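Note that chain A is present in both complexes that follow, paired respectively with chain B and with chain C.
Up next, the complex of A and B:
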């Protein structure tokens, strides 16, 4: 059975439509790379689909100290902005891990956040940047830390009728995202590690994807990396902690012991890569 | 839903979207409705690139795009590639390098490469060229000839 497409031109109209719908009757469409596949597989059967296409959410903005990404901005637009690789290199790495060029022409960062997939390549780096999500709904606007939005596994903490308007990254920081998977394009990461190097404590912010529940910050690893320039031994201990404490399981993509070895390697290489760069990136 | 629609401009010709259901994919509108069967359906789930077309000059998966979502846009399919300067260069490169066997993946590769050369220009690094074509799958060639064709097209434009 097909669906009817609603294409409101203003945010209040979109919120009114989303709020008026009965549960399960309406689905939100950003790029559709998750939603349309769910429809094809019969996982959801919305009668109406609310398109974000005409809302003023198709842009990204650099402001003092950070980046704000409209929820309907395609990933490809971000990646083609030459400032991204300079100012937020880890986000650039992560975006280029998603699917393929032609997929990223439609897939959005907002859709990836709402999808909250445990193997998402974008969530680890966004968590490491302490990203904040701007939400609009029947009660107005609110900002929520991404970490809090992801509190429940696979189900972001959005109320009925609420839409993600934008995602804000409150920093520009040297950073890297590394992943392990069988095939570079169109494959799912077995493990993803995001590392952000900060000029303030904690100097190293580390987050992980490829765990069963949801991507998460590795605070115990961050504590091991207490100093701006950790020694080899300190880095080795941090890698051991990452390998031992990350809540991995075995599944069809990789075994638990494999993931434990890989996470230690990815963490070590990421920190070494950032230490080898002359100065922390800025501007 | 009854409403005035702006249609699409496909290979330079205006096409109406009247009567096209809201949930129809661009792939099906192109192939089933307009008989532009050069665009191929492979996986229908975003993973093979066979259905790649250009929307406003940029490579897009037509299997994961609703026709109604891109109304008002210019769409280029393999049928329109000869009227594009970069398209002609890429086609010649594929012919010269013999970069196809069964040909099923070819329209997707050609459109992906044309879009990429337009987005990144003829100075694009070989590494980027290969990486950005890696969303397109080919079961026949082993990719070496396709890679040669991509580099030949880049040289010809440089």
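Up next, the complex of A and C:
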């Protein structure tokens, strides 16, 4: 069960080490809160583990258009930045949904992207933001939409030797992430719904977690929510489409019909919440 | 207060079972059954023995050879029939955990699989016919009755009939089971994390067929027991491996194995029928179908003890109670804090609430009309002693009405439920005290398990008798070869039973010193300048001056005390079949819960909880309050989130703390704890046991609050969001 821990100090060294490894031989460590569970259970048995801890990816920065998060930045650092709840409230909701404070001291945004878990609480909101992932590899750097990077469960579409350097998240008018679980704290969400509101078309972007085999953008739901202020009927139709269309399954965490009901409900509540926040209170 | 064991535990000096390591120690591992039900065709340990680093491999043949007198009824390894997934079929010991795992993989094992029985209702969708008593899957049947139930039902204004179901719950002690065993010079020694060193000695002696005097058990600090460490588990296997290897062997479970092999409380089905006439209960029939897993420990204890909790702490008129324990393909049943009482209370107290609502009577008022009071006789003919249930209910009603008035908003509900427990189980013990010039030592074989009953409760008893300050009293742990016998830290009995032995020994010390001082008046002890002083009125002598030379050499004056309690006699004329157990020293508890309910998602959260506990006398209010708080938190887990999910193939679907959900601190709301003193128990100074009772009424109180908030009666634990959502609006 033992592995060799590699801790490169520079990005070229890291890429060289990642490129030199045979397929399946190396796993990338960016916090380890998910990876090490799999190692412990024997689901993966990497001979070498490449830690991002010493790379200059341990920060986040705000720019005019949005936020860029280094892939080794612990979620807790984002959570404690008071700008996050103001500028990207949905990401703030999602980060606070991840595990416990202790876990968020180690867990990273980059780790969540690369581990690509179907039940991730972060991926739905990042999808709804149209987040862009900055990837570095033997061929140099490239930017790729998160939606294109998420392929199958735990298998992001990265080339051999490629590492996720950072994630860029454009700011938007407002956003929210809601989840449903058996136990509120420290549990895996049965479903998660992310909704982003924009002041221009398309006004609404919606994504969903808790479905196999990866979190999804719900484009057909977004089409139902065509207008900046959908009517009650339009929202009802959008919720019905959300409940009906996504590829839910029954598993040990929830049944398919329950997931359908709750997704429709969370979508409705999310949109209503964003509409309420968009309307200054009279008087 | 600062707990007496805080420094050792916080500094890391305290050695727990999982910390144990000795020189030349080998690592043991089980060869698990790959199927939950079936027949072993071939077991060849030869290839495992050839794995580098492997020192011993033991199976049924080695058990016969090394322990020829072992218990044939309960062999460590099945020779033929497999009863549950992961059941140990053999075991190996190796120089490293990795070598042990490699050896397990190398074992040649052929097993013919048969379909498992996972759900007792699959076998008995309705109630079992009488012929089921002889069925091979029936491990216990109990039946008792009194009065004319047919008449009561025929003349009733109303018969209220319901079925309730509960889930399997795990103890989730932070520390998994672990021990280190060694066999040398004819001594079978094991150091282990256990609630009962002497119980382990007895089990090992019985299971391996070794005389008890050759078995020596040493307890470690215990990282939580909750019943899960109340009997032997790994110890006989570790000893067998150590005997085969000729070296010490460590055997410890991973947390995953803790779930897969743990002896836990298993699901049950309860059917209740209650007859009411003129607003009063005139008859009750209760039927219990209990999943016993592969076996029931302690004969039919679980059935015969638990079922009486379904009649309740209530006067019910005519009654009949019948229970079956059915063998399924799961690990053996095991106790969990107040075994089955929270589950029985969930069924009974939900039933009582729904009955009262149906009658249009306040549920608390309805209970008050029926609860036992001191001097009453229980359905099994036991006399009720001092009992604080009615007072606890009155207090809960008052607080409920205040909470109702201070604004439970929409979606909120309030629920009350009762529980009772018997804290004098009759299990006895002995204590040895040694009073030296620097203080008093309580010599014990069993260890503190976290509740504080040993480092706090026993010390408090000695303090009250002798007058010494708590800092001058310490507990000294010895192994079973030298420590005085005691049955163990379980059944909320430590202070109530062993505490009486301590009180007797302490009183004997004080009497001896009064004699030596020449005082007719009682003496008390003080500490001055670090030395014990004996005081009687104006007479003061240093203890040292009162000791004989022999006593000085031996470290002090020694006194012993014994306490062997009696279970109350039950009225055997009412018993038709099976064994029922006498309770005594009843303690009462009432919980009040307020919940918030999301009627769409079904999410139920407890927003505040109060508990009222009849403690007799609180010897150490801080430790008692902590027991209540812990019991409420654990009860909220049983109520809302905890559930072992067995799949149809007999495997546990959630063997870990991610999907077996104990409450985190954020799910535990503000708690109000009220300790009721005055209804004195049989323990020292009137104390009653407090470890188990607090959990009992919590799931029911939450369920009643949910019904209050929504009008929906959810009849199955836990009250998880999807289950509640379905009850409110079918999916």
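Quick note on the criterion: the second predicted complex is superposed on the first by the 271 of 283 C-alpha atoms of A that agree within 3 Å, B and C clash if a C-alpha of one lies under 4 Å from a C-alpha of the other, contacts with A are read in each partner's own complex, and residues count from 1 in each chain.
Throughout what follows, contacts are C-beta pairs under 8 Å (C-beta built on N, C-alpha and C of every residue); 3 or more make two chains touch, one makes a residue touch a chain.
All values derive from a computational prediction rather than experimental measurement.
*Asks:* Between chain B and chain C, whom does A:100 touch in the aligned arrangement: first, second, both, or neither?
*Replies:* A:100: touches chain B and chain C.
*Asks:* Applying the document's definition of touch, where does A:3 land relative to chain B and chain C: first, second, both, or neither?
*Replies:* first
*Asks:* Is chain A touched at more residues by chain B or by chain C?
*Replies:* If we count touched residues of chain A for both partners, the winner is B.
*Asks:* First (chain B), second (chain C), both or neither: which does A:213 touch?
*Replies:* So A:213 meets neither chain B nor chain C here.
*Asks:* A:153 contacts which: chain B (first), chain C (second), both, neither?
*Replies:* Touch partners of A:153: none, neither chain B nor chain C.
*Asks:* So in the superposed three-chain picture, is A:265 touching just chain B, just chain C, both, or none of them (first/second/both/neither)?
*Replies:* A:265: touches chain C, not chain B.
*Asks:* Is A:188 touching anything from chain B or chain C once the two structures are fitted on A? First, second, both or neither.
*Replies:* second
*Asks:* Under the contact rule defined above, give the chain A residues that sit at the interface with chain B and also at the interface with chain C.
*Replies:* Looking at chain A, the two contact sets intersect at 100, 184-186.
*Asks:* In their shared complex, at which residues does chain A touch chain B?
*Replies:* 2-5, 7, 29, 31-33, 36-37, 39-40, 49, 51, 53, 76, 80, 96, 99-103, 105-106, 184-186
*Asks:* Using the touch definition up top, name the residues of chain A that touch chain C in the complex.
*Replies:* Contacts found on chain A: 1, 41, 100, 180-188, 190, 252-255, 257-258, 261-262, 265.
*Asks:* List the residues on chain B that touch chain A in their complex, please.
*Replies:* 1, 21-23, 25, 44-49, 52, 55, 58-61, 64-66, 68-69, 112, 115-116, 119, 131-132, 134-136
*Asks:* Of all residues in chain C, which touch chain A in the complex?
*Replies:* Residue list for chain C touching chain A: 98, 256, 600-601, 603, 605, 640-641, 645, 653-654, 658-659, 661, 663-664, 666-667, 720-722, 725-726, 731.
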